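The following block contains the structure, expressed as structure tokens.
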Amino acid sequence: ENDSIPKQTVRYGSRGFQFSSADGKYQLNFGGRLQFRFATPSDQDPITYDDFFEQKQNLFKINRARLKVGGHAYQPWLKYYFEYELGASRLLDFRVMVEKWPWLSFKVGQWKSEYSRERVISSGNQQMMERSIINRPFTLDRQQGVTIYGRWDGGGLADFNYHLMVLTGAGIGARNNDDEKLMYSGRLQWNILGDGVAMSGSALTHYKRPVASLAWAGATNTSQYTRYSSQGGGQLVGFEGSNAGQYQIDQYLLESTLKYKSFSWHSEFHRKSIFDNQLLELTKLQGWFVQGGFILNPQAIDKKKPLLELASRYAFFQPNRALQRNNEEEISLAFNCFFSGHQNKLTADITHFDFEQKSVNREASGWRFRIQYDFSF
Amino acid sequence: ENDSIPKQTVRYGSRGFQFSSADGKYQLNFGGRLQFRFATPSDQDPITYDDFFEQKQNLFKINRARLKVGGHAYQPWLKYYFEYELGASRLLDFRVMVEKWPWLSFKVGQWKSEYSRERVISSGNQQMMERSIINRPFTLDRQQGVTIYGRWDGGGLADFNYHLMVLTGAGIGARNNDDEKLMYSGRLQWNILGDGVAMSGSALTHYKRPVASLAWAGATNTSQYTRYSSQGGGQLVGFEGSNAGQYQIDQYLLESTLKYKSFSWHSEFHRKSIFDNQLLELTKLQGWFVQGGFILNPQAIDKKKPLLELASRYAFFQPNRALQRNNEEEISLAFNCFFSGHQNKLTADITHFDFEQKSVNREASGWRFRIQYDFSF
Amino acid sequence: ENDSIPKQTVRYGSRGFQFSSADGKYQLNFGGRLQFRFATPSDQDPITYDDFFEQKQNLFKINRARLKVGGHAYQPWLKYYFEYELGASRLLDFRVMVEKWPWLSFKVGQWKSEYSRERVISSGNQQMMERSIINRPFTLDRQQGVTIYGRWDGGGLADFNYHLMVLTGAGIGARNNDDEKLMYSGRLQWNILGDGVAMSGSALTHYKRPVASLAWAGATNTSQYTRYSSQGGGQLVGFEGSNAGQYQIDQYLLESTLKYKSFSWHSEFHRKSIFDNQLLELTKLQGWFVQGGFILNPQAIDKKKPLLELASRYAFFQPNRALQRNNEEEISLAFNCFFSGHQNKLTADITHFDFEQKSVNREASGWRFRIQYDFSF
């Protein structure tokens, strides 16, 4: 008799409100996120020596304002997702995924290339307030293209996630490519302990047994760009070319991550070479960071009380390995208060930057303080 | 037995479709608004003498196209709201509010500063078709920051709404501030009769007993701007600076509003001083308007028939009180047909503008006619 | 007793998830679409002779990323619809329609002018991958304005659809008109067989009896533009004016369309004259195309299996009828695989372009290959 009662088709979940058709073939998730920040004396990481001597500011800003819509249609395994940055009016993600088999999935569209863990972790799920200074020179950021990916779990130590990507390599939102050459990238993650580590910072549940992953990734591309960001392709300091196919870029990374009890760890080591096909110059870059944190009151997890976390990071960047004494350092300390996990949290951080440019005999350093509120619905 | 029947979690309300979780902790409202306008010989208010002699136009336009999403998450008192202008692709509002206690609430994000009633009333809830000529020079418009606010109802005459705001003062969408100085603003509204007057124009219900409010508000800021609009910070006519902290601005307003039977009243008086820190010049501006209207067929309220309203406004602006004979006047007559209150209405207006610039011995005047359809879903 | 069970108010339909109020007066449809494309050696149709000699590319791109929201409010016949292009951050449609009587409907807002069938068919419902080379010079594209329209079915052959439009003629998103002159356009479609042909390509159901329509349409406008696109008003090759009311444009089209069994047909013939009020020059343009296709496996319709279609188009354009030997040709072959009709489909096409500019004694031709995936949710 109760068969005529409609199924509960509206519920709230971790991706916002969720609507499902009665047959389970269609689903729509609708959510959003606000990231609101106060910063002084400025918010951006310094890029050049002169940045240390800019006008000091006190500023509030909506740093991120996201609309997120995803779900599946026609089949439970035919999934879609788009994310739109409302503040900058920019389409970030729009992808369709065929996830019928865990070990062999397909994706088309635009999304964050699965290269470095630091970049792939959503800005709403970070342990520190923001990514490190080495994200800017090494990230592939978002690209348009196709990928094959999956997880191969052969039992025991034989547990891997892989991604093989063919991308335009022209950056987010590009409607053209500079030439006939595409970007190719791959990532292999070995889940050495447990189920591996999900793409989210901080140890917000109590990990009785450790989970850990190691990853290797590489990429090659020929284009007019030397770096990518959420604003598309651009140039690193010292590069000013704009010709199709001017820069041949090859890069790789090594990454480790671990969560155990209330402690979490994450490190990355990056190398990248840029060959200028016009000036016939080769530049080699290197950078790395280590980062860790622990929950101060793990007993609050069971009580569903706010969690407090202390975390820290050290990052080091060499813009040109031929000039060994030129380098950039970041030391950050962050304090998180998770009211409802990453969905509703307050973060304060203090950072010290130190730039040494001994090749031109100068150095600069400075402090920054920020407070951030991050709210998802 | 019927306990297993799911709660009705989808309904249509004044904020569009509303989705609620069964436990009441989560709610999502989804709505939108279209404002479509015909205008001749132009739509914008004249700003300068030359504007009276521009090419005449007949124009249709989507004047506003809004997407509105709000609700609460985690707790009924933890609220969010964003509003996006689809036509201009601009994020207008994105704010999170802690409204646990009526007398002490908190808000972070970007929203219309609670300064003048004319600006705070949504463009969809206005009595006249558009705000007056004095909105441009005096509004703080939308800013990013934090605020404490609430209503203190001590019984009888002791009934106040207050807002204390700390804002960047760099205008909507700003990602930086020019200097270390922030904008500070406050508003105190005294609800002298009844419950005070809500932030919406026209008397769309029959007010057996009068409701009335008086308000004072003030603001101070140092920045490179002399005015704000929905396009961010900008300059009033006669100001051309662009240096950080060039303009020190202090301003205040007095405001009255009343609704009784089918009549509604609204007035504002503004003063503002602009001190140019570079040229060491002080300019004082003054403006005011009075506005009133009444429902022509109040008996239609009970019959749920369309309501007709006639309303009028007179506004007066002195761009520089040192030049007493230079002033700008607006006289408007508006006719509203409310099919479903402010949610679905047709408005026609006719306006006469009169600019006197006796310091340079010239004047100009002109008429404007417009029709507007405003539809919310 | 079961009256207390709430009505099913959430369902998935052809317009995405659909939410309805219990009284049927309110409805909201929420959907989206991704169109993802690979192209080589470029995606755009050539416009000039030089375009044939551009840098070759291999490119992936999100060609279209649409958010679609529609429904009705207050009454079942008071409808609204908006469509937003997320990739370009551009409001495409926002319209309100009064559709109380089939023979007399009203619409205000911005939408695709009902001029040519090729343009009115959504980019997600096309038979070929993209519109023909003659769409660019002849389309009115989207405009803002008002229209009266309807279908008059007098029985037998007396079956017509009509549209009478008054538009600003300043293109999508315009906030001003250049002068006092508006654009006027009309379309009359005669449904000579059956119910006429809906605005969607390909014969995706089996048409036992043929359906066919003939249409005439015309438009006149005076503005600073000689063409329109989804980016607004612009100029055809050879026109460079920018003065208000510089170009007087008059144009008309003849159109035929037919679907029978698994075959579909569509043709258009266009003429347009452009009079330059400054240079006092008259230019006459002409273009036409024919297009047809058939389902290769019509037996799959009943089995709900993917449908395969082969389709082809020939298009011919004369930019200036006074230079008879200058013309542009397109021949396209497209292969469609419809997984779920137009909602989820894969398309491959190959196109040959041939430009003859015998007045300057040169010609150029080239091939293009593309693959596209189109997914609606």
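Brief remarks follow.
Per-chain numbering from 1; labels A, B and C assigned in written order.
In the analysis below, a residue touches a chain if its C-beta (ideal position, glycine included) is under 8 Å from a C-beta of that chain, and two chains touch if they have at least 3 such contacts.
Small disclaimer: the values here were computed from a predicted structure and weren't measured.
If you lay the C-alpha trace of subunit A over that of subunit C, the rotation comes to 120 degrees, to the nearest 5. Annotation: the subunit B:subunit C pair of sequence copies touches via predominantly different residues, less than half of the used numbers being shared. Separating the CA-averaged centres of subunit B and subunit C is a span of 39 Å.
Chain contacts: subunit A has residues 5-6, 10, 19, 30, 89 touching two or more partner chains.
Interface residues of subunit A, counted against subunit C in their complex, comprise 4-6, 9-10, 19, 21-22, 25-26, 28, 30, 69, 71, 73-74, 78, 80, 82, 84, 89-91, 94-96, 108-110, 144-146, 166-168, 170, 173-182, 244.
On subunit C, the positions that touch subunit A within their shared complex are 2, 5-6, 8, 10-12, 16-17, 30, 32, 34, 36, 40-43, 55-62, 65, 67, 86-87, 89, 339-340, 343-344, 373, 375-377.
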